[in-house]
Amino acid sequence: MMKLSFLAQTMQLAFEGEDKEVRSFAPLKDATSEHISFLSDPKLLDDLKTTKAGAVIVSPAFEGFVPSHCRLLVSDNPYLSMAYASKLFAKAPFDTSMPSNISPKAHVSHHVSIGSRSVVEEGSYIMPNVSIGADVRIGKNVTIYPNVVIYDNAIIGDSCMIQAGAVIGSDGFGYAHTKTGEHVKIYHHGNVILEEEVEIGANSTIDRAVFGSTIIKKGTKIDNLVQIGHNCEVGAYSIIVAQAGLAGSSKLGRNVVMGGQSATAGHLEIGDFATIAARGGVSKSIEGGKVYGGFPLTLQSEWLKNNAKLARFFKKN
Amino acid sequence: MMKLSFLAQTMQLAFEGEDKEVRSFAPLKDATSEHISFLSDPKLLDDLKTTKAGAVIVSPAFEGFVPSHCRLLVSDNPYLSMAYASKLFAKAPFDTSMPSNISPKAHVSHHVSIGSRSVVEEGSYIMPNVSIGADVRIGKNVTIYPNVVIYDNAIIGDSCMIQAGAVIGSDGFGYAHTKTGEHVKIYHHGNVILEEEVEIGANSTIDRAVFGSTIIKKGTKIDNLVQIGHNCEVGAYSIIVAQAGLAGSSKLGRNVVMGGQSATAGHLEIGDFATIAARGGVSKSIEGGKVYGGFPLTLQSEWLKNNAKLARFFKKN
Amino acid sequence: MMKLSFLAQTMQLAFEGEDKEVRSFAPLKDATSEHISFLSDPKLLDDLKTTKAGAVIVSPAFEGFVPSHCRLLVSDNPYLSMAYASKLFAKAPFDTSMPSNISPKAHVSHHVSIGSRSVVEEGSYIMPNVSIGADVRIGKNVTIYPNVVIYDNAIIGDSCMIQAGAVIGSDGFGYAHTKTGEHVKIYHHGNVILEEEVEIGANSTIDRAVFGSTIIKKGTKIDNLVQIGHNCEVGAYSIIVAQAGLAGSSKLGRNVVMGGQSATAGHLEIGDFATIAARGGVSKSIEGGKVYGGFPLTLQSEWLKNNAKLARFFKKN
């Protein structure tokens, strides 16, 4: 628990009135009286009006919309203020001061580190030089190849397989920016969830959420050197081929196929059973059931036709 | 050894007649009487007619072509049946229950794990936190930087150098698919072979073969964050620059150059002394001795001319 | 120290006259009497004329420009000769024969290897399975996540954060080539410097310099799976998004933004406050303060207009 007065001081914000303790940050709509929250995107104004947060950081323009039960902190840049404060709530990662809980029917090899309170269930097989953080849950019959890293609070479903060198739960790439162009890290308090029968390829990286979870749903298979940004949701039975990249907060449906070196921008949706050909670049939401390709993205059939049209143009000119 | 009746039960296939034990899977043309094989690609029908396999899985249409010495398993989807069975033949990876064989003239640093029966020859230098599987052979004067992972059965030739975090022998990205869109892992039984004087860059990944070997030939140099798919063959003295990707079963000749972020589709051939410029995307076989670029791929000289034509078009329109 | 007569023998070059000992290689303009240097690029002829090197390797055409105080080695291919000799000056990496110097106020977790004479200052936090080479300097309040590798001689500034699996200081991708197409490794004698408050993403790779330093300046943030080539210089407060790649010797100004999967060729400059959109490919130097995109690169605003023009063309044809 942390006093609001102390937080305000760290963020260099004025704070008046009765002090209060908060446990951590949360988005407006998830916050309870133990949380502090913030409004940086005016689209979330309705969330502000109905928030249950114990305290909020808002810019002067939105002061009037703060519910009366909320303590108020006013900032010219609530996102930046939140970034400064996020560090205060961050725990020391990969803590090993407390015991872990490993099933006697699990196998743990040499030079493995498993953090405080983490659980490894029966039938799981953890190979050498793996590093597992604190409060991680590893289900049944999970196979973890050497030198994998799993950050704090991750949940690894039954029968998952993680190939060597993959990193599950690294910090998302999120910063607030000062007026003079410096970047202030937003400490990530969310986690990664792999549902059952997910496979992650060698040296792939899956960032954990700022708040909440980055989720890879049941039966999805991810190849080598793939990047999954923070707060993404990848639907069940999807296939993501090597060196593809998903920017933050993208949401893929079920049985989506992303070809090799394809990519998505952030904050978009891809419908069920969509296929993105190799190198396809998705920059806005697309509907399911179709095959896309190219950059800018079109239907793959169009992309092939367009290439033929260009080839004729080049021949004539 | 595993009984056919047991395999059939696992694959939910009917099996009648005299039982038989098989040791593992193999492709039709490599199989002996101790192997079970399968036909999923009709182009391999000739291989079926002449196979020496002890047993085969085929679809009903091809039943008539199975040699009389083969036990027969009939499946509507032999590839899927094979995937289910492949798991049964998979051994626990990175086993360390038996001793390894390390030359007294080799150097092995802290926190290194070396699997059962693996050999490290004289002059080799293995740095901290490296994980080496079982039945691996590391030749003379090999340099392995920290946190490298080498999967079971790999063969690392004399004077190879593997930079930190590289993964040699991870499972290829191969699945069979059920009617309802689930992916069934094909357990990989092949390996990776690096011939002499190969260098692998930091955090690159080289998948092992389904059957047989992924081969990187003598003197080839691979940069960082490169992906080499299963069953690829990269010719001698090739150069593969950072973040390039080779899809499965591609075959490169000698002295091929792949520029940064270039890529190939699977199952194609690139001739000797071909150069692919940075970002070039190879989607079908190309002859050697030329410089290619662009995506779709053309001769690099054409790509440059075409860009100039487009620039003129944009100016006029 | 190594005798010139021995070096000459290794490089298969003739050497006459008085012998001399040299300590290592250096570029012409940095060399002192204890160094051997070489001229392979005629553009550096002025550096040859004024070099303080104790010895130089030059081709016959440039013999006449060697200062009289320099010992002379004549080679048809000075770059190749240098490559052969570079191996002789290379020390065994990640040496742990001598003690390191770790602040009692630093935290070092399980299975960490720290090389000879390396320093870890107060407040730094090193997680499991990290491998740190010799003569590394880790400043104050540095956070190093699990399975990171830091090569010899790296300097990590105060308050840096390195996410799991990142590799700092791997050998650059540099080779000299023989007439018959073999590649001869150039051993890298430089290092990597991260200034203060730099963050490096999971499984990213930063190659060390051939000579001198690869430098990431203050406050720069690098995402996952990024490749930074040898001898690059990335200016302060830059942002490099996932899967971007910088080829060797590129120089970025301050507050440069490189989008996801973007890239640069080598030996170019990007001005302050330039932004490269996702997938942008920079192939020559560009001025700062603008937004670029596409491959070939244009202004991003042009790229968008050109795509619209192409879309109309495709509709009509």
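Lettered A, B and C in written order, each chain numbered from 1.
Methods note: a residue touches a chain if its C-beta (ideal position, glycine included) is under 8 Å from a C-beta of that chain, and two chains touch if they have at least 3 such contacts.
A quick map from chain label to UniProt name: A, B, C = UDP-3-O-acylglucosamine N-acyltransferase.
All of these numbers come straight from a predicted model, not from anything done at the bench.
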- Message: By that same contact rule, can you tell me which chains touch chain A and chain B alike?
- Response: C
- Message: On C-alpha atoms alone, could you tell me the rotation angle mapping chain A onto chain C? Nearest 5 degrees is fine.
- Response: 120
- Taking shared residue numbers divided by all residue numbers at the interface, is the value for chain B and chain C over half (same) or under half (different)? different
- When the C-alpha atoms of chain B and chain C are each averaged to a single point, how far apart are the two points in Å? 31
- Message: Which positions in chain A are in touch with at least two other chains?
- Response: 111, 129, 147, 165, 203, 225, 243, 261, 313
- Contact residues on chain A for chain C in the complex? 92-94, 96, 111, 113, 129-131, 147, 149, 151, 165, 167, 170-171, 173, 175, 181-183, 185, 203-205, 207, 225, 227, 229, 243, 245, 247, 261, 263, 265, 281, 295-296, 302, 305-306, 309, 312-313
- Task: Flag every residue of chain A that touches chain B in the complex, lowest number first.
- Result: 109-111, 125, 127-129, 145-147, 161, 163-165, 199, 201-203, 219, 221, 223-225, 237, 239, 241-243, 254-255, 260-261, 278-279, 307, 310, 313-314, 317
